[in-house]
Amino acid sequence: MVEPSTGGLVAGALPAAVLVRLLTVAATTALARRPRPCRWVALGGSMAASVLTLTMAAEVIVSGREVEGVLFHHAASGIVFDYAVTPLSAWFLMVLGVVALPTALYSAAYFAHAVAASRTAVVGVAFNVLLGSVEAVFVATGVIVFLGAWEVMTLATAALVATEYQERANRLAAYLYLVMSHVGTGCLVAAFMVLASRAGATSFTAMLAGDVVSGPLRDGLFALFLVGFGVKAGVIPLHVWLPEAHPAAPSSISALMSAVLITAGIYGLYRVCAFGLGVPDERWALALLFVGMLSAILGVLYALTQTDLKRLLACSTIENSGIVVLGLGAGTMALAHGHRAVAAVAVAASLTHVLNHAIFKGLLFLAAGSVVMATGTRQIEEFGGLLKRMPWTALFFFIGALAISGLPLLNGFPSEWLTFQALLLGFTATPGLVRLNFPVAGAMLALTSALAAACFVRAFGIGFLALPRSRPASDAHESPRLMLVPQAWLATLCVALGLFPGVTLRALETVIASLPGLEAAAPTAAGALGMAPGISSFDFVYPAIFGVAVLAALVVALSLTARRGAVVRQVPTWACGGVLTPRTEYTATAFSKPLLMIFKAIYRPQRQVDALAGASPYFPQGVRYRAEIEPTFERYIYGPLLRGVVRTAGAMRVLQAGSLHAYLAYVLVLAVVLLIWLGGTP
Amino acid sequence: MSVEALLALVAALLQAGGMLAAAPLLRTGIKKMKARLQNRQGPPLLQGYYDLAKLLGKESVQSETASWVYAAGPRAYFATVVAATTLVPVLVAAAPLEATGGILLLVGTLALGRFALATAALDTGSPFGGMGSSRDMTIAALAEPALMLGLFASALSVGTMNLGVLVRDLVQQGPSWHPSDLLAFAGLFIIVIAETGRIPVDNPATHLELTMIHEAMALEYAGPDLALVEWASAVKELLYLTLLVNLFLPVGIATGFAPGALLVALGAWAGKVFLLAVAVTLVESTNAKLRLFRVPELVSVSLGLAFLALAIRFL
Amino acid sequence: MDLLLWTLTVPLLTAGVGGLGGPRAVKELTMVGGLALTFGLCLAVAGQFLAGSTPATFDDALRVDGLSALVLVLCGFVGLLSGCYGVGYLRRNERRGLVTPRQRREFYGLIPAYVFAMLFVAMSNNLGVLWIAVELTTLASVFLITFHNRDTSLEAAWKFLMLGSLGLAFALLGTVLLFAAGQGALEEGMSALNWTRLVEVAPGMHPFTLRLGVVFALIGYGTKAGLAPMHTWKPDAYREAPSPAVVLMAVGMLNGAMYCILRIHLVSTAALGPDFSAGLLLTLGLLSVLVAVPFILIQWNLKRLLAYSSIEHVGIMAVGVGLGVEAGVFGALLHMTYHSLAKPVALFSAGTLAQLHSSSDFGEIGGGTLGRAPVSSALLVLSAVIITGSPPFGLFFSEMIILRAGFAGTHAIATSVFLAALVALFCGIAFQIGRVVAGPPPAPGTKAPDPERFDIALATASVAAVLAVVSAFYLPGPLVALIRAATAVVWGRP
Amino acid sequence: MTANVLILCAAGMLVTAYLMVGQKALFTTIRLYGLQSFLLGLVAATIAIAESRHELFITAALTVVLKAILIPWFLMRTVDRIGIHREVEPFLNVPASLLICLGLTVVGYRVSTAFQEGARGVGHHLIGVALSLLLIGLFMMVSRKKAITQILALLTVENAVFLVAVGVTSGMPLIVELGISFDVILAVLVLGVLVQRIVGRFESMDISRLSKLKG
């Protein structure tokens, strides 16, 4: 079934990977009744396949040469499953592999706890199918294969989201996800088919040559693609499924979804919207900028108020997806005005962020998984004091938190730094009023990262520090080494790529050079240490070197405070004369309260406080406090839509009201109508 | 190791050291001026140094509930702020470590310090720490866009994001007196007030739970830790003022290392910072502290000013 | 004796034996054996055709070309499946003591009879004979619908018979008018109604008479196929008839009716050019797909749900043909093939669930069947995935081909509507099936369903499922050849 | 001469149809149907004589025997057995129904004008009548509630078809003709059986009550 394509060992890697996945799926199904070996086979196989794809991706990125081949002929429909690993595909494959590998390892230990033994096989199969289909999405060259893989990806994810199908919330999440992404796929099918018909071929090379469509039709197709891919990318306002679905899945799956599944949408935006439809239009760029800004700012604002740790991470995924799209928007704007160098910087920015986000979000979700496993809850309010009980997990989460807040010396910084560059250069590169969008976007980005910092100070500080806030939290203990190693690996990547951003940028050179319109415009990575993109001496940064300075200053600080022979005196925290209990600690809700009040207009918070009156109303026995923020999009867009559909469907009931006479009447009417129509044509 | 690298290193050490040395003076100076405006005597000018010495001399105390994060906080805060000083040109139209990055790195570094301190403040489990870090992060988040936009305004006018290059170009141009500069300055001045925890945003003198912000974060710290926090805050304040004056009043800045020029530069810098300090003092003494939820209005004003600065310069 | 006649005789004999008295084992053996033999004979006929000859008899009243061969094979296959499943089905009912000897006779008599009628349809080349054959399928299925002898089954049967007979009257009129249109060109006698003859003389036919004929014939056979707005009998019949019979309706009858429609379509195309009947088919097909949407969303019964899904699928086929391009036709026939492979799985698993809960209403079944009847529920989910045209399964490819043809052609708008309907249908079916399989389980008070046993019926369902999955990736070469041959026939290159 | 006879018979059939629409007593309706079928047979016979096409005699005979005698007898028997003799109030009152039928006739004739003129120059009249008859029959199926009446209406539709078959084409091939007639008989028998079962079950043959299956 799988025919190895000519072109050496690396070229054979992909068919091999597919083969491995298929065998793994088969073996997993066969072992369905024996969870332990089943789990190991499934995840081991997945890791093997990931290694294969990683090697090939690396090879392609380094050499910059595409690898092509044919997987399979579908005799019945005459469709050929062929693939081509372009540098762009290779980049996304790499991102996938970098996260998929540790996630699989992590899951090997995690599923034992998180997945019912009876469902191990299903989850294992779905895990492999998901990864395989995402890989297929990245390397597909035919539209049918692409759409097929796209759909399989959706189904596999839905299956994983519904792992705990007994819980209503998870069922709804899975269904919502299915519906949203199916609507998206519908848009994609329409747009792709129109494109195919115009190109007269179903291969991307022909369809995405850029000269296939023009004028209003082109804009229409762009809109369709934007919606189609936007759903998967989870950009606002198409994000509604994301905060539901990502937390519902087992944590390691959530890691995959947030880190990788999102990038499938991004990949589509790149491959088609930005570089597949010819020179972008200024309006497209504005659309992307706007969507990006909206997603970034609203995403982080939603994240701020979450008390469910995984939900919080999911919302921040919306934010980061927004940042990526923001960079892409700047790039398309530059392309629209013909500034290749600037466009290259922007593209570099967003592609870097794709990688970095995958890494730190993967890390955070894995750490969150450990915490959820240890405490049995996802509520930040019930954590606390975990740092002492699970020191490693806490450390890794802390690193992830620093990274996601875009702070220097970690890998969140370079990509946000590049995005700022893209926006500022975009400003210098665009004429007229339009340019003012860039500084505004810049300010929004600054706000976003500052809020992200606030959000993760809250998540880490409330969740891991001080006293445990609940019984499970105080009983929590560190997760097995098998779950810590993957986190360590990702954390190391966070630091390494933060200190040596040049590596990423260097790797990106071939990728960017391979994009139409960006030939020989790749931004210059200043060695492995630094980045100096775009126009000469506009800006550059060498985090590692500066890191040394910080280190030196740290040494000074230590030497100032470290006094020979003096022990640090341990004293109880002053609690206004009372005893410090978890109940006097600052809660997550309280932490985000000021911002909640300040951004009232967006949150529209609703709260109700009712005192359970005791003997005297002045001394209530207890106070019940309920606060929620209004889900704007759900309430004002999707809710009415859904109700409308249901109502119309209900109204159609009369058509099939059980009366034979009505049924016969339909035939009569049809006959008469057709006869009259015929009568019109002598 | 090349000559200029060595030079940069020496310069960095000197500048960091100088800022560390000067910072307490600024704090006490402002206190003193405030006192004078209120017809009080006020502390002696060297009070800041006495305080630091006293605090550093004390034993260090740690809450039982705290972890390594608690200890790491002040040190990281101090380290980042001190390191940040080497990114800003002070006397010479060049920053010692300007080769490692520009405005974004500076802002990022300060944010890193704030992150560390705010996290550490949550470690003791005291409600005040949480309150402080929550409020501090809130105000920082609000200030960030305005700060960025203000800096963009002046950076884009020259076309570089590197402070060294920026100041050099400004010195060559001389003060432009372009209206947009004025707007940007006004905007940034407000942000500096907010970032350095001064009235009307925060009150450095108070220790009343409900009003303090930055102080609340530092409330649990004592001895050397507290010293680090206070000292770093002072340096940070000086840093912001320096940045402000060198960006918008680039006069008297030395272009080389000639001793004469350096002396002049020192004088000019001291004078300019003093003027700004006076301005800060006046604002502090003539305003009342704002409610936390009024701060956004203030910040949005500066945001508007900064955007206006950009607009009128580029349209 | 001629192979075609054998192919017809065997099921007829099986029906005869089954219809008489006799011990159960014998009936079961004869039914399974007979239908297996029938399927073998169908394959043999198809083999003959692929070998190059076109089997024919009764001066071409019965004639097997590519199209017939394809339909023949599919019907034979489904006949065998439902035969095997039927045995298990009836056994279950007998275990519950629900089966009277008369019912048993009816069952074992009518199922093969129905198969016979379907095969008869598939191989008849003479439009008159075709009509008779279709009428036979109707008569054979009526008493299958009343099998359970509930009030509702009488109601369903009456509606089915009324609409069916009306449709057949229309079809007859259509046939007569076709015949009339060819007068002068056509000789006297039986062979004058041969489709092959009609196609030959088509260019000389009187256009208006022909149009009239085509319209009536399409309405008529459309009723049997269940094209909207003549689809109204389908949900009722599906709910009432025993699942094995439903499978015959949903696949055999549907393919047969599609076969009739295609024959008429071809005559009309030969005479009037493609646009006339293609336009009609496109309209009716689109209408069918659209009609299915709301009723699937508000559906309250599992088997009715599947009825609407098959209304959708016949609509898809009609659209494919109606697009008037070769790719569309190929897509439609591929769709027919894959649908014939996938639908039985859905109906078998649904039937099993319905039997275990002794009702196919969602209210009775309740949610969370995955816990109570894992195999059937899993199969139901699988088949739902398949029949909603999801990759990597066959219907996805056929739908993609049709969509591509649609967007490539002049019907972009219609195709967009079609696409939107498909998306909505996916959501609807996903919702309903999800509710049954994973939804909240029924209240503790309700009576527990029978446990799921791995009997012959379940085995049949599983085998069908395996075939459906495998076929997605690999269709046997001869079958593909048949599809291509059928496409050639329908595209007017016999 | 022939033409006139043909048109006369056809017109007669149409008239019977109208009368059936206006009629409520079941027996009368059945008799009217018998008359209609008889006229159909007459048409066949006339053509058979005029064009000396002997196989049409068989058709004619078949028609008369089956449809003018057997089926009416069978239906009357059923009605007797059930013991319900009058149609309940139809959905539409008689005048309205007749009006609609007029409209349908117009449609039928309008279509027939475009029709090819056959050998005997009466083609389009017959078609017109046939189509109108068909539509009227269908309309009766829609508007009448009694099972028996619906069967009659269906048979009227069938008659319309046969009228075309006989009058416009020179008759279908014989075997086909036989097969078709056989099927029709079968269908009627099945229908009869069903009617009896329904009545046995619901103590009524009011079809409009059979509406449990919705949605």
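Residue numbering begins at 1 within each chain, and the chains themselves are lettered A, B, C and D in the order written.
In this text, a contact is a pair of C-beta atoms (placed from the backbone, for glycine too) under 8 Å apart; a residue touches a chain by one contact, two chains touch by 3 or more.
Here the structure is a predicted model, which means the values were calculated and not measured.
**Student:** Between subunit A and subunit C, which partner chains are common?
**Tutor:** The shared contacts of subunit A and subunit C, listed by label, come to D.
**Student:** With contacts defined as at the top, give the pair, C-D or A-B, that has more of them.
**Tutor:** Answer by contact count: A-B.
**Student:** Please name the chain that ends up farthest from subunit C once chain centres are defined by their CA atoms averaged.
**Tutor:** If we average the C-alpha coordinates per chain, B ends up farthest from subunit C.
**Student:** Any idea how many Å lie between the Cα centroids of subunit C and subunit D?
**Tutor:** Once rounded, the distance between the two centres reads 31 Å.
**Student:** How big is the gap, in whole Å, between where the Cα atoms of subunit B centre and where those of subunit C centre?
**Tutor:** 79
**Student:** Can you compute the centre-to-centre distance for subunit B and subunit D, using the mean CA position of each chain? Integer Å is fine.
**Tutor:** 101
**Student:** Please work out the Cα centroid separation of subunit A and subunit B, and write it as a whole number of Å.
**Tutor:** 36
**Student:** Going through subunit B residue by residue, note those that touch at least 2 other chains and give them in order.
**Tutor:** If we look for residues of subunit B contacting two or more partner chains, we find none.
**Student:** Got the subunit D residues that touch at least 2 other chains?
**Tutor:** 111, 114, 134, 138, 141, 207, 210-213, 215
**Student:** For subunit C, which residues are shared contacts with two or more other chains?
**Tutor:** 158-159, 162, 166, 208, 212, 235, 295, 298, in rising order.
**Student:** Please give all chain pairs that are in touch with each other.
**Tutor:** Contact pairs between chains: A-B, A-C, A-D, C-D.
**Student:** If you look only at subunit C, which of its residues touch subunit A in the complex?
**Tutor:** Subunit C reaches subunit A through residues 158-159, 162-163, 166-167, 170, 208, 211-212, 215-216, 219, 223, 229-230, 232-233, 235, 291, 293-295, 297-298, 334, 337, 368, 370, 385, 390-392, 394, 396-398, 400-401, 403-404, 406-409, 412, 415-416, 419-420, 422-423, 426-427, 430-431, 434, 438-440, 471, 473-475, 477, 480, 483.
**Student:** Using the touch definition from the top, list the residues of subunit A that touch subunit C in their complex.
**Tutor:** Those in contact with subunit C are residues 1, 72, 74-77, 79, 144, 147-149, 151-152, 155, 162, 165-166, 168, 171, 174-175, 178-179, 182-183, 185-186, 189-190, 193-194, 196-197, 202, 645-646, 648-650, 652-653, 655-656, 660, 662-664, 666-667, 669-671, 674-675, 678, 681-682.
**Student:** List the residues on subunit D that touch subunit C in their complex, please.
**Tutor:** Where subunit D meets subunit C, its residues are 111, 114-116, 118, 134, 138, 141, 147, 150, 154, 157-158, 160-161, 164-165, 168-170, 172-176, 179-180, 183, 186-187, 190-191, 194, 197-198, 201-202, 207, 210-213, 215.
**Student:** Of all residues in subunit B, which touch subunit A in the complex?
**Tutor:** Spelled out, the residues of subunit B in touch with subunit A are 12, 16, 56, 59-67, 69, 71, 74-76, 78-80, 82-83, 86-87, 97, 99-105, 107-109, 111-112, 114-115, 118-119, 121-127, 129-131, 133-135, 137-138, 140-149, 152, 155-156, 159-162, 165, 220, 224-225, 227-228, 292-293, 296, 303, 307, 310-311, 314-315.
**Student:** Could you list, by residue number, the parts of subunit C that touch subunit D in their complex?
**Tutor:** Within the complex, subunit C contacts subunit D at residues 126, 128-129, 131-132, 135-136, 138-139, 142, 146, 151-152, 154-159, 161-162, 165-166, 169, 172-173, 176-177, 179-181, 183, 188-190, 192-193, 206, 208-209, 212, 235-236, 239, 295, 298-300, 304.
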